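Naming follows writing order (A, B, C and D), and every chain is counted from residue 1.
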Amino acid sequence: MNGYNKMELMICLAARYLEDGATVVVGTGAPCAAAMLAQKVYSPNLMIMFEAGGIGPLLPSMPISVGDSRTFYRGVAASSMPEIMEMCQRGMVDYTFLGGAQIDMYGNINSTMIGKDLQRPKVRFPGSGGANDLASLCWRTMMITPQDRKRFVEKVDFVTSPGYLTGKGAREAAGLPPGTGPYKVITNLCVMGFDEETKRMKVESIHPGITKEEILENTGFELLWADQVGSSDPPTEEELRVLREQVDPYRYIIGRQ
Amino acid sequence: MNGYNKMELMICLAARYLEDGATVVVGTGAPCAAAMLAQKVYSPNLMIMFEAGGIGPLLPSMPISVGDSRTFYRGVAASSMPEIMEMCQRGMVDYTFLGGAQIDMYGNINSTMIGKDLQRPKVRFPGSGGANDLASLCWRTMMITPQDRKRFVEKVDFVTSPGYLTGKGAREAAGLPPGTGPYKVITNLCVMGFDEETKRMKVESIHPGITKEEILENTGFELLWADQVGSSDPPTEEELRVLREQVDPYRYIIGRQ
Amino acid sequence: MVEEITPAGELFCDPDVDRAREFFRAKPRRMESKVTSVKEAVSRFIHDGDYIGIGGFGANRIPTAILHEIVRQGKKHLGLSGHTATHDCQILAAGECFDRVDVAYVVGLEARGLSKAARRLFEEGKLKVTEWTNATLAWRYKAAAMGVPFLPCRVMFGTDTYKYSAAKEIRCPFTGTKLLAVPALYPDVAIIHVHRADIYGNCQIDGIMVSDSDLARAAKCVIVTTERLIPNEEIRREPTKTAIPYYLVDAVIEVPYGSYPGNMAYEYFSDEEHLKAWLEAENDPDTYKEFVNKYIFSVNSHWEYINLCGGMERLSQLRALELMIPLNANGEA
Amino acid sequence: MVEEITPAGELFCDPDVDRAREFFRAKPRRMESKVTSVKEAVSRFIHDGDYIGIGGFGANRIPTAILHEIVRQGKKHLGLSGHTATHDCQILAAGECFDRVDVAYVVGLEARGLSKAARRLFEEGKLKVTEWTNATLAWRYKAAAMGVPFLPCRVMFGTDTYKYSAAKEIRCPFTGTKLLAVPALYPDVAIIHVHRADIYGNCQIDGIMVSDSDLARAAKCVIVTTERLIPNEEIRREPTKTAIPYYLVDAVIEVPYGSYPGNMAYEYFSDEEHLKAWLEAENDPDTYKEFVNKYIFSVNSHWEYINLCGGMERLSQLRALELMIPLNANGEA
């Protein structure tokens, strides 16, 4: 592992996508760690927001809830859920991160249930929360998730949050704001984007030490591959140092490995 | 005049309609004086609001503007215009007072213009402001106004704010919330209500010393008369004392006579 | 071609604005003391079958005392607005108090894990469920607060969340843009915990509002618990700060540490150990029954509950944690 | 039978949400200093033909310095949101700066009387006018702030105000209720005066917000003048107080007494003598020309204007009046 674990790698890879001056709505866990890391290493002007109303906090530690007091600790504003959601709807939020129990090749996410009957599901999950809203309204949706066949499936049991739905043009036809959609999926195996033409998931870079076969074994649908599949750049020393010392010193997230 | 002027009489008459525990949105001038008087003499729990956001102030003096700092001086809340208007729309505001340049027999009010062409009016007035909103949404609309033929007209040049429009059922048919509409018109000559069946203006009581003929001479449309047209009760000593000493000691309003 | 969909979700509350207007017209709005007790507020204002909305956000600024009392009094068949309902949902699930839910977020406790007991209710088919999102539930409150029967928005399209909601597609009359109409949600009762309130119900909240500004306006009845009662003079000194004016409020109860074991911004952090113990107790039915008996049914007041959980000593730690003040030389709270 | 009406009013601003989204996507949102001068802000951010929205309420918390500078720089063909525009409208009328107006309230100064100069513009047929109301203009801002192309409401029905608006009638998809749809209003520029701001544009406002919260979010560009600049630390100390966050704001200028001759809550009362003098000057064209020359065109800054009006001595009186502190034994300010 060359001195870093998969969670650290995923967080560092995600952080690099968050450019200075951008806005991002994050939840707890890895996405929040990625945003904090980005802010400390690359993008001091990255604006971090939480869906319950926290805007631009000087995060003293990892929040436990997207509505706890850390999410607006010394923030530029402690607002409301409508304030955040309407800012997304107005087109002012660049990035968001989502998680889920299942994801398909178009980036559609299920965080609602396993089973066929919503009124009597096999397994009930929390539901959308703000996920559907953020996936609908933010310009670019990212995921940080473990990759396996239970999670990366041909067909999700329930489309909680919209990816590209059934392919190119489907979001717009359904009524979602143009120009939005899934951007990157960062897993323990690789980084995937979405093909311009088909809007299907496409492997862009493979993590050090991972094989194409491992990715295929852990994906339940047909993947596309970029013309030039690169190798994911491992964490830099600075990234790791800041992540371990400043972002997550108690290893709440990076210790989950 | 028996020790009071017409403005004092109108204010005192209006104040008596504002029962304890009611809510009222007022503007500057006589309506505000009436609400303050009601609060001090009859209805300590009358809740006074201003359309720019002031809620329940301890009014130290007459506001000059419905948005000046007096309108929320030691108020229970300093809110916003949407807050007040939405409270009206939600059905929580009992009374409002309006003024205007012209009024017809259905209580439709013109505060927009004299003339035929809005793009080139003979005389331009301020327009609705919040008047149309309040007349649409508050349960009962009242007016305190001088009565003459220029003002009480057969047909207003422009219906700025809705009275009963063209008669019974017209408000509801047009789309306004049911059960709302003009309630009392208090002038220098008489107090008028609105007939249940026709929704036309109906004289209910005549001020001391005023004749029916004077009212007819000063009204440009056909009036209805209550079965029992009473005589308006003159101000009580207490009303006058509070009005002069506490409500309007500088005679800004009651000195306008 | 796009499939036309009629969402299958049930609408649990009447969005009719004229009936709501008649209700609000009759609602008393005198500025008089509404101070009461938790027991009285729950027995008087919450009835079996009522639809309730809960303020705060899951385990942050939640009205714990009222929620426990609802369970203790055995309220049943409640409708629940699951607007990021986490520990609040977990408490009501312990009493099996609700039988229909507008879901945005339920059964989870965010990063802490999932409540097995709450999940069981959803998985056993005992509940009626309609799906929404945090934003759409927030906007449904806002529609009611504004006095309009719906608001337009741009989410949920193309998803199963939409299919199992009770929303409708409309077109903008100006631009032709496809929009989602979400119906006004007027809860029968809103329960909100605040930092400060006067005896009339004028409330101040520090930090994020979540959706409580709209919820308090949307609800037909509002129960407020407050960290502390303050004189009306304090409210009038800074009217800009009034988040909930008195005429919306029906009951006010002073409940210090009222959000415990939840977080109260600027006051105390959440008790993660107690929340973890709760989640763990749910692993075994007998343990869980005992746990709920111990912490809810055998308890008479919020103070008693707090004392069971470590009392003021524990709360001092949580206060230090919230304010990030080290209580020992190791820099720990 | 009810007559079907197509309102005749012109829609001056594009309510399309997708074009607005593209604009906001590209709008820079770095937290960097936006401190500039009144002159620079007006020349850089306000262009001939722009549609502007003004914060505050007529003669309360208005951005006087910016308005005078617009007149001085001879900006023309502006669109004006007449959302209770009183003294602000009067100032811009002095420069004949606007040629189209969404009217809710114009030309009047509430209890003070009517501006003859402003009336003349409306009566001479030089302007394009569309009628609205205070609430509908407020909701049009709110629609834009929410990122939706319209909001429903229940006013204006049956009136000429409706006939000369650009609203449309719709039906609620849930209840069938007839509703009025008002289109989103995205002003090119909003000009707002606040109590406190930091150099990035984070703003605090004391007292009533009027519609400024929504206006700042609806506008494509926001110019803020502030009574005083405060350190960013002060903003972060009480994030609950931030009414306008920095990323909405394009220019920040410290203008003490910036609402003069208007009222600024908790700071200074309006200068009713000066406002009266202004109204009286409008009675005679030559006097009026001289008046405007003296108080606007011949003046270089807001301080110069204030000095012409009695300087700090006058402002001390207005401050005492606002705070109701007697400055002499007769109890007068």
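As a working rule, a contact is a pair of C-beta atoms (placed from the backbone, for glycine too) under 8 Å apart; a residue touches a chain by one contact, two chains touch by 3 or more.
Every value quoted in this text rests on a predicted model; they were computed, and no experiment measured them.
Steps from subunit A to subunit B, taking the shortest chain of touch contacts, total 2. Using the contact threshold fixed earlier, the set of chains in contact with both subunit C and subunit D is A, B. Looking at A-D and B-D, the interface holding more C-beta pairs in contact is that of B-D.
Spacing of subunit B relative to subunit C, judged by their CA centroids, is 41 angstrom.
Remark: subunit A and subunit C have CA centroids separated by 27 Å (rounded to whole angstrom).
Contact with two or more other chains is made by residues 72, 78-79, 82, 89, 137, 177 of subunit A. Annotation for subunit D: residues touching 2 or more other chains are 17-18, 146-148, 153-154, 179, 206-207, 239-240. The touch graph of these protein chains has some other shape, matching none of line, ring, star or complete. Here the touching chains pair up as A-C, A-D, B-C, B-D, C-D.
The residues of subunit C lying in touch with subunit A in their complex are 2, 56-60, 82, 84, 86, 103-108, 110-112, 114, 119, 122-125, 127-129, 131-136, 138-139, 142, 153-161, 164, 169, 178-180, 206-211, 213-214, 263-266, 269-270, 272, 322, 324.
If you check the complex, the residues on subunit A that touch subunit C are 27-29, 51-54, 60, 64-69, 71-72, 78-82, 85, 89, 108, 112, 117-133, 136-137, 158-162, 165, 170-171, 173-177. Across the complex, subunit C is touched by residues 11, 15-18, 146-154, 168, 170, 172-175, 177, 179, 181, 183, 205-207, 239-240 of subunit D. Considering their complex, residues 20-23, 45, 47, 55-58, 72, 74-79, 82, 86-92, 94, 137, 139, 177-179 of subunit A touch subunit D. Contact residues on subunit D toward subunit A in their complex (touch as defined above): 17-18, 20-25, 27-32, 144-148, 200, 202, 217, 232, 235-237, 239-240, 242, 245-247.
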